[in-house]
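Here the structure comes first, spelled out in structure tokens, and everything after it is commentary.
A, B, C, D, E and F label the chains in the order they appear, each numbered from 1.
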Amino acid sequence: MWDGFEGIVAQFERDDVVKVRARAKLYNDQLELTVENVIPVAEKDYELADFLPHTKQDVEKLYARLNEAVHAAENPWVKTLLVSVVEDASIAPKLKRAPAAMTMHHAYIGGLLEHVVSLIELSRLVASHYPELNRDLLLAGIVLHDIGKIEELSCARGFGYTTEGQLLGHIALGQAIVRRKIEAISDFPRPLAAVIEHLILSHHGSLEFGSPRLPLTREAVALHFLDDLDSKMAAIETTMASDAGIGDWTERNPALRRNLLRTSQYLAEPPSEPASKAASAGIAMHAAAPKGTDGSKP
Amino acid sequence: MWDGFEGIVAQFERDDVVKVRARAKLYNDQLELTVENVIPVAEKDYELADFLPHTKQDVEKLYARLNEAVHAAENPWVKTLLVSVVEDASIAPKLKRAPAAMTMHHAYIGGLLEHVVSLIELSRLVASHYPELNRDLLLAGIVLHDIGKIEELSCARGFGYTTEGQLLGHIALGQAIVRRKIEAISDFPRPLAAVIEHLILSHHGSLEFGSPRLPLTREAVALHFLDDLDSKMAAIETTMASDAGIGDWTERNPALRRNLLRTSQYLAEPPSEPASKAASAGIAMHAAAPKGTDGSKP
Amino acid sequence: MWDGFEGIVAQFERDDVVKVRARAKLYNDQLELTVENVIPVAEKDYELADFLPHTKQDVEKLYARLNEAVHAAENPWVKTLLVSVVEDASIAPKLKRAPAAMTMHHAYIGGLLEHVVSLIELSRLVASHYPELNRDLLLAGIVLHDIGKIEELSCARGFGYTTEGQLLGHIALGQAIVRRKIEAISDFPRPLAAVIEHLILSHHGSLEFGSPRLPLTREAVALHFLDDLDSKMAAIETTMASDAGIGDWTERNPALRRNLLRTSQYLAEPPSEPASKAASAGIAMHAAAPKGTDGSKP
Amino acid sequence: MWDGFEGIVAQFERDDVVKVRARAKLYNDQLELTVENVIPVAEKDYELADFLPHTKQDVEKLYARLNEAVHAAENPWVKTLLVSVVEDASIAPKLKRAPAAMTMHHAYIGGLLEHVVSLIELSRLVASHYPELNRDLLLAGIVLHDIGKIEELSCARGFGYTTEGQLLGHIALGQAIVRRKIEAISDFPRPLAAVIEHLILSHHGSLEFGSPRLPLTREAVALHFLDDLDSKMAAIETTMASDAGIGDWTERNPALRRNLLRTSQYLAEPPSEPASKAASAGIAMHAAAPKGTDGSKP
Amino acid sequence: MWDGFEGIVAQFERDDVVKVRARAKLYNDQLELTVENVIPVAEKDYELADFLPHTKQDVEKLYARLNEAVHAAENPWVKTLLVSVVEDASIAPKLKRAPAAMTMHHAYIGGLLEHVVSLIELSRLVASHYPELNRDLLLAGIVLHDIGKIEELSCARGFGYTTEGQLLGHIALGQAIVRRKIEAISDFPRPLAAVIEHLILSHHGSLEFGSPRLPLTREAVALHFLDDLDSKMAAIETTMASDAGIGDWTERNPALRRNLLRTSQYLAEPPSEPASKAASAGIAMHAAAPKGTDGSKP
Amino acid sequence: MWDGFEGIVAQFERDDVVKVRARAKLYNDQLELTVENVIPVAEKDYELADFLPHTKQDVEKLYARLNEAVHAAENPWVKTLLVSVVEDASIAPKLKRAPAAMTMHHAYIGGLLEHVVSLIELSRLVASHYPELNRDLLLAGIVLHDIGKIEELSCARGFGYTTEGQLLGHIALGQAIVRRKIEAISDFPRPLAAVIEHLILSHHGSLEFGSPRLPLTREAVALHFLDDLDSKMAAIETTMASDAGIGDWTERNPALRRNLLRTSQYLAEPPSEPASKAASAGIAMHAAAPKGTDGSKP
């Protein structure tokens, strides 16, 4: 086929979806393909979800849980605001598709929604433990903190940053989305608006992580912790689930920048009863571990 | 009285408890005391708890909740270890008195116990959300992470660091306490011991905060987050409850190194219903706030 | 008078302006005042400008120069946007009063306007040297970069941060002001809007100084440099003009965090012609200088 | 030819200029060379400028502009010093060849001279805006700040650091050159000498960038800013002019360590007049941008 | 042979020692091996030392010098403790094999012993200069500071970290070894124990290098310096001895993260007598040096 | 006397030495002075050494030891250079007076000389342990590294920085002194000169401590370590010798920025023989220690 190579190449661009016709043969027990033709496919003829990783959960159910939570807010201003965001016809479809991040955690179609719903449920538990936390404010922070990702990230063909995303970032984009929604609600109390926008601005927790303000309210501090915890738990889950790594050690986790130890066997296998010689001696503590994961001086 | 001043002074030392006899009078509407005598008091004649801040909770009840949690561990090794620590006759009384820190959070008699029990309950909630977390390991981390504080901090007369505490720190002291307990349990699996000691060593989360190892297991990462969250929530509660500060802003929170905003009124007072002019206009957004709490360039 | 002390005190609050009636006498050659009464003054009865430091320049003339510059923009979108901001009836009066910072530079009534006009003129000169810089974008960045200060800082009675200013900061506040103005211009090109908002977000130059984005365009880089240069030159001028300090050394400059050397005499006095013994030997190089202004190891 | 390979190789060394004799043929439409001989070329037989990148400007004209500026200094000591440096027969030829840096900016033959002349002209403009800046001191700083590069960098065959350059750096080398010139001028005022040498030592602006002293005079602060601005503008120009990068985004700029956005089209094409639908909608804001250029948390 | 490839591969694992039978031939003047068979070798049939780098010194002699030093301690507690560690039958063989680090310095069999013995001798010299240093404490610090490496590092087949080593680190492992030994000595004074354990905990000198405590005693400060100096001198020696590098410059030294200059020839060759033209002019100062070894701004 | 107060004050200035005539009386058992007159004293009428702290050693003997060491250098170039510096009639007297630092270590008349002589002797011991160190280069580094202090610091009346010292720092001043001396020696090999000047420039060990170059030779690395060690040992000695502090803990050491523990009693008092109950139980490990000396999280 490669006679017409240049003509074929001219038909598609980076990130286009194509159909490939090829001839297969076995060579040294490995499958080898000889490409015969490459044909671009129109967007209507394929499902993006077939080419990008996506959440294992049902996006519509996640959305329903989000919507339910939002309608359960007690404070009427908070409820009106959150409903107006979540049910916005131009926001909802994007919310159902956006990943929560490019690579660090929940990096798949529906990841943002999965992250938000996880946080809503986590925050209910945590707020039951710290009753001084205002549940409505915390809910507002959770629902809105990453809303700018729907404009920052593109998942048209593959995941990427939009130019607007690069220039402004999801924190400023999110604040702008929320402010517009607030301005559309007549008489929304301005102090409450500032407290809510502050949740978005401060949720990365420190200036060097891109938050232009430090968390200054109880709920802003809690939001930062919960967001960070949920991201890290998801990132660890992904690494732990992967086959990569050596022995009990995982490959390097990109969010934590270290290898992690899988400890399931240390407890899962029935250990000997205390005070009797343990069968678990079989777990060799002196097996090789990855080199220098914590930067301390050797 | 001051004729015999030096003789009186010679009878007591820094941090001794004394009785003072003085004559009171009113001067410019203020009470003025003229000291007549100062008499040292024997330790048996006073209650330390009357001179040091202490938890508002019932220490024995806290201890009972801790003990119950420890007995509920499923893994027999973990359970045996934790019981042997918590019920140790030389540890239990110290555990009931120790503060959780000198100044940052839970800085009062019984503070350590209060912090640990709070974490146990928080961790149950969080573990129900992330079922991949091993509850026994997390429990071990929570019960043991700060156990070294009973040797690091002294609360004989006032709070202070012991010389041993200064030289070794509560992380190393805690690991030593736990290792001795582990060695007293015959056949305790060494790999499990390492995983448990790692929880203590890594719980500050980073080298520059004094942990000689970074958290390398799922539970170690979670422990660091939960410990940090509970400490911060307690520190915030203390600051919020204080009268100090200006307007809605608190005094400087020592753990977070910033002033915090009390937001209760922003939501607590029944706001106008959305779409009608708000009464909340009374909250002045332009009132003075503390200066430069976040270190960003003005 | 102090009989009625409490009644008097109850009449005014922090930052109120009051009239004081007092009796003067000389004591040890120093004037001593015995206060007899303190009476609050209504806002209409005094000029704020009499109690706060203010620019030495004519605010209306500064405003006229700004307005002229804005009308001279060539790009119609930029021009429409800038005019809509500068001539906004609710913005203009605040723009004429706001200081450029609380303490670091131009910390006086009219300081923001003075800083912006200085930058406009500086940027014309610099843009003539680097013709690749787009003058309209640079102008937009200069006029808008600190516009959020009119909401961040309060100068009602003294300078201070508003609660909204603390929660959101002038960068996010500025972006919101500008975005609302852009949305009011029909068909404003969204890419251009992003490029302009980026100038505001990135003008502090780095995350740790509170910019959530790094400068990513030529004009954003230049804006950061020019803003920083103009701030530092003004801060230095203030320190140099003060009598404080020792010998040729000024007091500590808060923006640069070091003492500075006044070098005027090193060149101002007519030095001997080269090749003849200098009269300038009178400048003692070995006079005492402030201690350790640069943090290097002694 | 490769029979005599080792003999041929022995005739030249790394960075030598050689003549190659080869036979050309076409293979798959690409030119292929079969080397037949390699002959070293004597230094007199080639022009270095043919093998190294060089300024697009006329070096002699640049030198003339520098010389003119130096002669225009008003202060006789400064003028004598600068003339003695610039017209030094052993310095001038090196000054005409040296690059301004190895890779960051003006990294070509004549780059140092181009950088200095650009700064002279920029500083005249800036000094007209800040008349408190002493023009002679600023000129001295500009002409001398990088003079040590003529000893730090080697451009005999390719650009590289000399061993002396590695051991001492251009800042110390430059100070030594200037001090020797000052000592050759009888009665040069020592305080003025210190102020001038300080400009060289402090021009990197901070200790971690290799300046052993922080800028402590008005002119030293300004010199650091202008030097940094001119370097960055030149570095940006180089990156912008390169074809590399994706879409509107350039390749990574080594001096700024980020990708930059080319914004020319955002303003250059005649936008619709405000208030009418814009043709510029064609600029896709959501096109892919480079990943994570600013280090903030995703 | 490769017909039975999979069967052969199944016989051994990573880091196993194998015998290879191969046929050699010359191809283009280079030796080429055609592998015919690979046979695992039992541990008893080879010497580990033949496959891992090892100290050039005689390990038994090093051990004897260590033992002699330990017996020469004056303080009976210190002496008893050190002897109990060094002569422990389960510790001694490990001590003779362990490397001092994975890569940075003394990274070979016997390296730890070599490092400790070098430090003992260095410390005697230094203590003779600073008589205020307590020799017994310093000796204890030197002998014990890296004792945890025998559990942190594995040299069974190749060098690596054990899982226990990764989880706990050699500092905590070392402290635990020492504490157990101390507890075995009846009535060992607890204050002295704390001072000795502190030497281990603090010997990295700062938190960010993995020491959970800063050095707080004179001997702890000295130990950190001497340990660091000896490590660096050994690391430099290795780099200097390698042929890698360009001209007088070595390859990059991993411990110092920079290239180093070999200066031997600068002094070794008999220079001309002062005041006569030097033959050493042959050393070209302007030869190429490595690029940017110190991170300063070019 | 205070009638003529202003006239008296006009007669002297800051740092002048004065005679005071006063009347003494006892008041509450404390001596009280009533000043009657203050008379300036001419410089010839007092000894500076009576008013500034000075070394306890004999300065002339220190100088003799330095001179002897310098004359013992083997390399003729190094020897010629060092002798020309040490015996320079304008340098020697300053060398005998200069302190080694303002506050950190050896902060007294003669301190620089004491520090240099201590280093010479320390370096001989260390070089006997690391024979690969070139003794002449190390000697050159030791003698010359702080020579710039004679121009950086002023001890005319009290210790202070000279203006030249502030502007240039002792590193650049020292390099200039040495370069001038080298240029006075005909045919001094330039490579050797660079290696020696590098020792001065790099002796602070890192850019952020004010060295414009990192140590790049074996001797430069060693010099940095030895200089740092000797400074710290002297600083510790001063703190240990002071009565300030609480119990075994010293006051805060300014060079190390922490409190230190005096351990002498831990070993000095004859401890019980091992294996018998110790009398040393009297040393209370739980006595109060200073608060938070190491910045780790409580």
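Basically, a contact is a pair of C-beta atoms (placed from the backbone, for glycine too) under 8 Å apart; a residue touches a chain by one contact, two chains touch by 3 or more.
These numbers were taken from a predicted model, which means no experiment stands behind them.
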item	value
Chains contacting each of subunit A and subunit E, listed by label	B, D
Selected interface, D-E versus B-E, where C-beta contact pairs are more numerous	B-E
Separation of subunit B from subunit D, taking each centre as the mean of its C-alpha atoms, in whole Å	57
Chain centre separation in whole Å, for subunit F relative to subunit B (CA means)	43
Per-residue multi-chain contacts in subunit B, two or more chains	163-164, 166-167, 169, 190-191, 194-195, 207, 209-210, 212-213, 216, 261, 285, 293-294, 296
Graph class of chain-chain contacts, one of line, ring, star, complete, other	other
Interchain contacts, given as pairs of chains that touch	A-B, A-C, A-D, A-E, B-C, B-E, B-F, C-D, C-F, D-E, D-F, E-F
Sites on subunit C touched by subunit D in the complex	75-78, 80, 118, 121-122, 125-126, 128-130, 132, 134, 136-137, 185-192, 194-195, 207, 212-214, 216-219, 221-222, 225, 228-229, 232-233, 236-237, 240, 256, 258-261, 263-264, 266-267, 271-278, 280-281, 283, 285, 293-296
Residue ranges of subunit E touching subunit B (in the complex, touch as defined)	163-164, 166-169, 171-172, 175-176, 179-180, 183, 190-191, 194-195, 197-198, 201, 207-213, 216
Residues of subunit F touching subunit B in the complex	247-249, 261, 284-294, 296-298
Touching residues (chain side subunit B, partner subunit F) in the complex	15, 101-104, 154, 156, 158, 160-167, 169, 204, 209-210
